[in-house]
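Naming follows writing order (A, B, C, D and E), and every chain is counted from residue 1.
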């Protein structure tokens, strides 16, 4: 479970309701079925119009990505790739074939298979880079579904408020209902602005960042496997992959000198 | 028929009107010919000024793209291209000439014709890539027509509301008409904000995504045909095209090893 | 005359005034010299500050581009270039010298002169591409002058309205003037929002699209002339230029095969 | 003195105040020390926080660029470079050394020194291009300081207005002060919106365009000097530099043919 | 301590409160615990949802960067690199090994180690450039955390104001509380707009500019060390690094001539 997602939603909604309660406002006054119907129904409809069915469904499902936590240990991955590079340098790339069954990650396995099969280096690079890019481009649309929801919700919130105000204005003759009517109308704004800024837009941002992290992980794999294919010195490869893992430079170049 | 477009419009407008009805508002109160005249007339005029005639007409026609569903089976297309690659590798590229009549897709036929005619690889690549890009650039203007409409409508809605409020303000002496006048003025905002967020902007987004899908389909064809021209192994080609079809990696690299 | 520009302005302003009239508002109530002075004077001044004199004057003049219609027959142009390619292939590039006097278009003539003069291919490409890009970059600033006007006008409209409201607020003691004062203040908003969305921003967009079309025409010429210099087969050139003319593929590749 | 900057500021503020006077408003009513303190103090503070000291000071100083006029005669510059190219072609690049003392422009002198010193062509290109880009990147931050001021001012104007309205609301019991209080509060909006749209944003735009013109001038010098180093024919160079000077094509290619 | 950050915050908040006091408003009237709870709690929650835990924590910590001053003397750094280039040219790159212990900067030491170890030039370039880019990309997310806070705060401020107004509207029956209630509601807007424009957005901008300066410093190191590896003349290197240090061209090319 992604604790910043759950904690953030609880923190934002909780503190807003607490503040509201401290000021003497009741929670009931901002719970309205009709406003919810207008804002969330209208936003849902607008998003449905904006996306093809396949991408709309994918976007809806990707909300899981915002709530789930997946550890991607880039350091361990880089270490594993450097080990494969050592094996390949010592025993030749065919020696990697026996290691393939150990590899959990499907993309790493697929990439290593190219090396083992002796596919041309340029074809391997083009294919792996295109696969990383295409996968990212395909899934990023899911984040954009939520971004669109975050764009539509506040304006549909205003639409709901204006509809409520029209109703109020038509019944001005009874001033005692004026305040309550305006209050009801304003709840639509609260729903639109609140859902966009506390849920939809932050969800879109978190999904985007998680997809970017996944893309970086795959780029690390692609760069590492391509370096194995080029026969790069494992120590230099370790130094090269440090750009992805973000670790501070240790004694590696020192060691590299001896290994070279 | 594109069910998310139709369903989304029905869902958004239906739920908003339902919410409005549940709150006691009447649908008639938001049906106003004059507001519609101002908002849709003003938006139409602004869009006409913003686009040359040819592109304005194309944009209007492209609304069909938002409502129609066209299945593009990229998997079957990739399979067909891999088959052509096998034929070309076994019997030479001239053997593809007999297959040309089977090809339904005009862009695939045009691309294969280059290969059959023995046109230079670089010229083929430049021409096909320029054709894909130019076709996309030409049609994307159609999506931008709707995006512009979605940009102008809310501001012209505000203009309509302000015009209505001016009328109200000039007749403040009769307070009994105040509420009704303001309500009428607000309907212009509802039309502007609603049409932009439920129709125009989502239409623009859906048209854009469908044009992007078509561009991807043509890029798949171009990449595939160029690989046939380069004599790429059909199994490697299959793996390469997987970036477009988004299928999970199956036993292909395994098989590739044997075929290599 | 560009009928969508003239028609769009007439349509937008006409329908808005018609809607206004139908609602019972008078046209006089939205005609105010002082509001016009504030909005258009303020916008003019802001645009003058924002642009150097030369570019400001060029932008003002480029309004002609939004109102004039210029037919650019890309198909005929492509045909002419393909003919020159045939002549060059048959009789050598020097044979083009006699044709130069027939060429109306100054850019095409300038480009062909490079070929006739035997200037190095890379220098020709660099010079022609730089000329196309520089010409576009220089003129696009004219469209940006109108875009800036469209950005400043609504905010200066709000400034005008607030100035009017300040005046109203200072004279609250006479409520009979309240409505009229607010109405007058609101007219500033109408001028700012209206001029930006019906005139300035659409003008900027149309000028931009016409400059882009001119850039595409020059790119077609540059690509065509560079292909003549490279000695490309006229039939392949015809196919290549189709990306610019947007015509559907005819039997050209078929014919190309025989010509090759 | 840049007459569009001075004229634009005078035009905008003058016509707005004239409009205000014609409507019967007094200039005094929009002169308020406290509102100015809040808006300009707040904006100044926000900009200070947003930029490091060095860049903030540079931005403040660059306001001079918006008000000063500097003639950059690109035609004469191009002519001078073509003359140097003729000298270099006739007498060798070392002959340029004697000409260096005539050169006023420090960047042109620095670039020619590379040629005279016989520095490697690639190093010369990399160094000159990096110098042009770095100089532009360094100074463009100055324009961004004003752009940030133009972004902060309107929102701080709203903040000032809301602070004023809070004050009004707390003293609702005395309705006679209501109008005056609201009027005072609104002046903050006038200051924020007005300073951003008539001063800060247009200043930023003009500074940007002047920096872009300076960058183009240096690019012309760099391209010209690099062409001299490559030994390009002076006539072709003249044609090449025309992309920068924007002059219409004269009989140059004609002459080039004979010179080639 | 970064004096523009501290001074800017003090200047902005101080002058706004001074203006407020001069207009007769009390500071207490804009100090409200509940509004602060709603705005800052809501913004904090939204930012937490928007970022993964690791990046959220990094962003929070990077506020130090906005307040601390770190002198980066690029001139001295360039001078040091030019000295190393002289040593390498005179005594060979291995002579740099003895100098490594003098080097304070870890990135410069790491880069020189590559040269000393005789790693391939292309691998060195790729690795150093990837390291500079990856480091910048990783940390820039921290600036985006503050930018997101600056984006969420004003809308959550509006949300808080609307919640307050709903409370007011429900209690319209007691007009004496009307003004105070609205005033309280407006404080939420002040907190949202103020915190975004005086703190969050300027913080984000300053962090971004400091990260960009650090990136430029590392690029200077990478370019310098790569030039040492290529054996570039130290005088030309000095000229080349001037693009980063922004110093005016001195007599260096003159001297270079003699050294060449």
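Rule of thumb we're sticking to: contacts are C-beta pairs under 8 Å (C-beta built on N, C-alpha and C of every residue); 3 or more make two chains touch, one makes a residue touch a chain.
None of these values were measured; they are calculated from a predicted model.
Colleague: On the document's contact criterion, could you list the chains that touch chain A and likewise touch chain C?
Modeller: Joint contacts, listed by label: B.
Colleague: Roughly how far is chain B from chain C, going centre to centre by Cα mean, in whole Å?
Modeller: Averaging C-alpha atoms per chain gives centres 24 Å apart.
Colleague: So the centre of each chain is just the mean of its C-alpha atoms; given that, what is the distance between chain C and chain E in Å?
Modeller: 39
Colleague: Quick check: what residues of chain D touch more than one other chain, meaning two or more?
Modeller: Residues of chain D touching two or more partner chains: there are none.
Colleague: If you connect every pair of chains that touch, what shape comes out? Choose line, ring, star, complete or other.
Modeller: Ring.
Colleague: Report the order of chains around the ring; begin at chain B and proceed in the direction of chain C.
Modeller: The ring, traversed starting at chain B in the chain C direction, is B, C, D, E, A.
Colleague: Taking the touch rule as given, give the residues of chain C at its contact with chain B in the complex, in rising order.
Modeller: On the chain C side, the touching residues are 2-5, 7-16, 18-20, 22-25, 29-30, 66, 154, 176, 178-180, 182-183, 186-187, 189-190, 193-194, 196-199, 201-203, 205-206, 209-210, 213, 232, 236, 239-240, 242-244, 246, 248-249, 253-254, 256-257, 260.
Colleague: In the complex of these two chains, what residues of chain D are touching chain E?
Modeller: My answer: residues 33-35, 37-38, 41-53, 55-56, 106, 110, 113-114, 116-119, 123, 126-127, 130-131, 133-135, 138, 141, 148, 152, 155-156, 158-160, 162-173, 184.
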